[in-house]
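Shared between the two complexes below is chain A, which has chain B as its partner in the first and chain C in the second.
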Partner chain A sequence: MEFGVILAGLLTGGLYATIGLGLSLVFGVMRLVNLAHGELIIVGAYASSLVLSWWGIDPFLSLVIVVPVIAALAYPVQRYLLTGLLRRGLEPPLVATFGISLILSAGLTAIFGGDPRKLASSYSAAGMSLFGQQVRVIDVVGLGIGVVLTVVIFLVMRHSRWGAALRAASTDPATAGTMGINVNAVYAITFAASAAVAAIGGVFIGTAYSFTPTSGMGYILIGFTVVVLGGTGNTFGTLIGGLVLGLVQSIGGALFGGEYRDFVIYAFFIVVLAAKPLAERGLDAWRSRPAATRRTEVRA
Partner chain B sequence: MHKSTKILAALSATALALAGCASGGGGGGGGGETPSAGDVIKVGASIPLTGGLASFGPIIQSGYEAAVADINAAGGITIDGVSHQVELVLLDNESDPNKVADQARTLVLNDGVVGLLGSVTPGLTIPASNVADLESVPMVSSLTPNGAWAAGNPDGWKFAWNLFMDEQQFSDIVWQTADEADTNKKVVIFADTEEDGVATGGLWEADAPGAGYEVVYRANNPAGTTDFTADINAAKAAGAEVLLAILIPPDAFALWEQMKALNYVPDLAFCLKCSSSAAFQAVLGDTAEATSNVYLANPSKAAEWADVSKAFQTQYGNNVDRSSALAAYSAARILLDSIQTAGSTDGAAVNDVISKTDKEYPIGKVKFRADHSFEADAATLQWFGNEQLQVVPQDGDAKLVTPVVGLQQ
Partner chain C sequence: MRHFFGAGVSPSRNRSLIGLVIGVAVLLGVTGMLGRYQISVATTILLYIGVTSAWNLIGGIAGQFSLASSAFIGVGAYSVVMMLRGLGVPVAVGLAFAVVVGAAFAAILGVILFRLRGFYFTIGTLAAALAAMTWMTTWQFTGGTSGVSAPLALIPDSKTLYIWAVAAAAITVAVSILVVNSSLGLRLKSVRDGEDIADSLGISPFGMKMIAMVISGALTALGGALFALQKASIEPKSAFGLDWSITVIVMAIVGGLGTVWGPVIGAVVIYYGITVQLQSLPAVSALLSGVILVLVIRFLPGGILGTIETGVRALVARRRRGSSATG
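Showing the complex of A and B:
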């Protein structure tokens, strides 16, 4: 196996991790499956294209404007629509997010048309040498974004007051409410943060690749795969899930040909889905044994 | 009989009777009735204004609208000494082949169109062609490769007609162009796994040895692939100097930028399907420079079509979008001219006139073959700035440029 194939997989995995992070965040906190996440990614790309065309601001600099705007637009959607639906079970918000995805996709088509677009930048076609391999600069940036976002989200979740409130609201919303935590606001902020992460992913995708109003569906499939691989609500697990998915895709393509790339990914996905509960049950059984027995077995 | 059953039976009979009336009232298949004075003559099409092929819809629309406007400006269509204005009815099929047949049927049965116009790609054009044959309403289409379209009805089309290129031209012109470039005759093929990607990729691979070329690497990737790093490195390692790609535009954008980033600059790079719309250059900018494409040759230089050709060039620029609009315009003009010549909206009469078409249109001198298709001239076009100029066969000052300078760092 050539090192270049592995490196390409890892670099692609950075983007996949970014896509999965936002999904993982809302699912981990609210058990909300956000089917509109792919469209939120694409909305981020279109928002950046507007900033670029209106003011000529570089796509990555446009994040300063795009991220808060997308987050601000997402906040009321959760606060005044999805949170109320969450109380009625998991299905109503699932259907609602599917509806939002359709509305966003149709709205983008109506406004921007169906032509593929790209965020113009001088560095999207720039190359560099990394560990002796020629790679795209933008792919290295993508991996960097994935790692930085993972670390930032982890630190905020673990070491901030908002993170503590978020974990409390996630574990037991009723008790968190009695402790003075505004659970509805926590949910809305979480959804806004997820949309902000999606927008960052969208700007990266728009710069590195291209996008149309209907591109979101492909990315949400990747996002769900990453989240399931990495463990729902597990920040570092999502990063690892993204990297593993990138690697499997790249190695699968190199071994079996590009036409089998998706087959390899989803075959791997199914194997992981099947094996994960068995592994977890085995681990639980091992943990539930008396400590002395475990020590004995470990020494043996 | 139970009372509710009687009511149900009565309602069913009424519904069936009404359906029969609606069908008859709409004119039914084949037009047939002579329009009264003051009536408009309707023609219609189901085209992709949204969805994956939305970039083609507005171009086709403008071609059809221009043809109808020109006919109306010239006094409309005269039947039995009475002039009738033409009305164009367009429906958006959202690029969904499943919607095309329903919409074409609606156009014929509800809107009363006397002729249908086509869409783009075999997936969207064949269902409408089926309706044309079923309802005995003439239909003229373009922007659909002839072979795939003809294969859509193994028994042969009766009321449907198509004017575009044959798939074999996609291969022949590529080798003709490559012969004019100084290459090592090693070829890499990037094809997607869609119907046309598999067919054209296979055709290139099969024809290469006979043309004196060796396919040293073939990358087959599903549509939606964004990372081509491994394939590009393999093509580089194999020393391929001729690149043939048939990909959807978003995938091609990624491939072209990755080739540039990875310092892979072939002498010749064709991008079929991907650069069949001006969006290719609009998105890639300088990276598109000297990329080649096989498409319709330069439009007719007949004085009759100079104005419309110039108008579309002003609207779209000198590129494939202009050619697509002119192809759509040609299809619409053939249908409308045939109604005029037939002096009737009867489907069979109009169809008969279409079969005898032998006239210069913007797409070329149209004369249909026995399988109801017309083989338009194909050419290799290269991007120079925001223009796509014909380089093989040469038709003007533009000459084939090698290597693909847009991919140089």
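Showing the complex of A and C:
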């Protein structure tokens, strides 16, 4: 196997980890499967393109504006819609996020049209040499974003009061509530943080690749694959899951031809999901959870 | 068969079947009065009623939230077109072939995906749907990205197609009626409501889900095949597009999940009320269906049908209370 293929896979893996991190956050904390996560990513890309065309602000600088705005818009969605639905079981929140994904992708189509776009920047095509291989600077940045976000999320979760509140609300919402933790607020902040991570991923995708209002569905599947590979609630596992998926895709593309790159991911995902029973999948978050709050996905 | 669907005749089953027969008679009776445009709109509505009711079997009654409808639509569409093109068989044979391929594909997917539960299953079906679509774009036998078209001489005219659509919708709704009012339906619902408890009572969750999946896949493929005949030419992005799964789920939930007539109502309301009215603005109509979906799940969990039923029950109860108080 050529070294270039492996390197390319690892570099894309950084983006995949970023996508997985946002999903893993909401899934790990409140068992919410956010089917709109892919669209949140794409919303980030479009928001950045607006900032770029209005004020001529560079895509990565635009994060300063885009990330808080998207987080602020995401907060009430969790607080006033999804949290209430979580108490009604598995399906209502799933359907609601599905509806949100439809609203976002249709809304983007209505506003921006369906043509692919790209965030123009001076560095999106620039190349550099890494370990003797010619690579795009932007792809190295993508890996950097994935690693930095992983470390930041890990540190916040493990070593801050807020992270402690979040873990408490995740492990046992009722007890956390009696201890003075505002579980509803924690949930909403988690969702907002996940949307912020999505927006960062979206701005990166916009600069490195092109995007359309309907690109989200493909990215969400990548995100879920990463989460399942890495184990929910395991931040470094998510990073490794992203890198593994990047490698699998890159190697698969090299073996079978470029047009099978996406197919490799879908097939790999089904194989991973189906080959291992859930209980063995290293989902450490499941084990630390009291039996009463464990949902039916875990087979005895 | 009697054992399978359970003994005894349920009055609600008979009422539903009579309603279905009357509906079919009316639909066939008005065939001659419909203009070209009306025929095509009615055909599309009927096909949506069919595929939405078919999804409801697995997604509503068995509670397995599948996103794979698009794959079955595509499989049905390609099966019938390839048969008509390659072998020049009559339409009925092509449709039967689509049903068989749909059932077989459902069985294969079921064996793999029913190792997963809850939302892992949902995400697995999403992967399967996207995998099927990308596979079709690379498969040269079926024309790759540019797709294939059915030979025009073999495509039925719009009136015949309308009658086929009436038949497809009627068969699917009849299957729904029989399943809902049977012990099979009860077993499916028990798997939906408490898989482990159902298992401990001697019901095989895997077996039940497989039955629902295969029936649903076969009927969805039938709908897909007729959609393909309506469009005459198909390509992967439209035949296997996720829009199918999205539309079908919106229709079923807005109408009333897990009921016989909910999907029928949902298909009519969403397609005729939104898609047709906003024909020139497809993005706005998709946006509106998303908003409606979120509002329904938040405020009307039973969908349109469930809300009407609750309302009628409340009215009846109030009247009873009122009459007993005065009398």
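Brief remarks on what is shown
Going forward, the second predicted complex is superposed on the first by the 259 of 300 C-alpha atoms of A that agree within 3 Å, B and C clash if a C-alpha of one lies under 4 Å from a C-alpha of the other, contacts with A are read in each partner's own complex, and residues count from 1 in each chain.
Here is the rule we go by: contacts are C-beta pairs under 8 Å (C-beta built on N, C-alpha and C of every residue); 3 or more make two chains touch, one makes a residue touch a chain.
The structure displayed is predicted, hence computed values, not measured ones.
By the touch criterion stated above, A:134 is placed in contact with chain B alone, chain C being left untouched. In the superposition on chain A, no contact is made by A:72 with either chain B or chain C.
When the two complexes are overlaid on their common chain A, residue A:125 makes contact with chain B while staying clear of chain C.
In the overlay built on the shared chain, the residue A:64 is in contact with neither chain B nor chain C.
Shared-chain residue A:12: touches chain B; no touch with chain C.
When the two structures are aligned on the shared chain, A:209 is found in touch with chain B, with no touch to chain C. When the two complexes are overlaid on their common chain A, residue A:81 makes contact with chain C while staying clear of chain B. Once chain A of one complex is fitted onto chain A of the other, the partner contacts of A:254 are limited to chain B, with no touch recorded for chain C.
When the two complexes are overlaid on their common chain A, residue A:116 makes contact with chain B while staying clear of chain C. Comparing the two interfaces of chain A, the one with chain B and the one with chain C have residues 106, 109, 218, 259, 262 in common. Across the complex, chain B is touched by residues 2, 4-5, 8, 12, 106, 109, 113-118, 120, 124-127, 134-138, 208-212, 214-215, 218, 249-250, 253-254, 257-259, 261-262 of chain A. Residue ranges of chain B in contact with chain A, taken from their complex: 50-55, 57-58, 95, 193, 219-222, 224-227, 229-231, 233, 249-250, 253-254, 256-258, 260-263, 277, 279, 282-285, 287, 409.
The touching residues of chain A, when paired with chain C in their complex, are 33, 81, 84-85, 88, 90-92, 94-96, 98-107, 109-110, 217-218, 220-221, 224-225, 228, 259-260, 262-263, 266-267, 269-270, 273-274, 277-278, 295-297, 299-300.
Interface of chain C with chain A (complex): residues 63, 65, 112-113, 115-120, 122-124, 126-128, 130-131, 134-135, 137-138, 195-196, 242, 246, 249-250, 253, 281, 283-284, 286-287, 289-291, 293-294, 297-298, 301.
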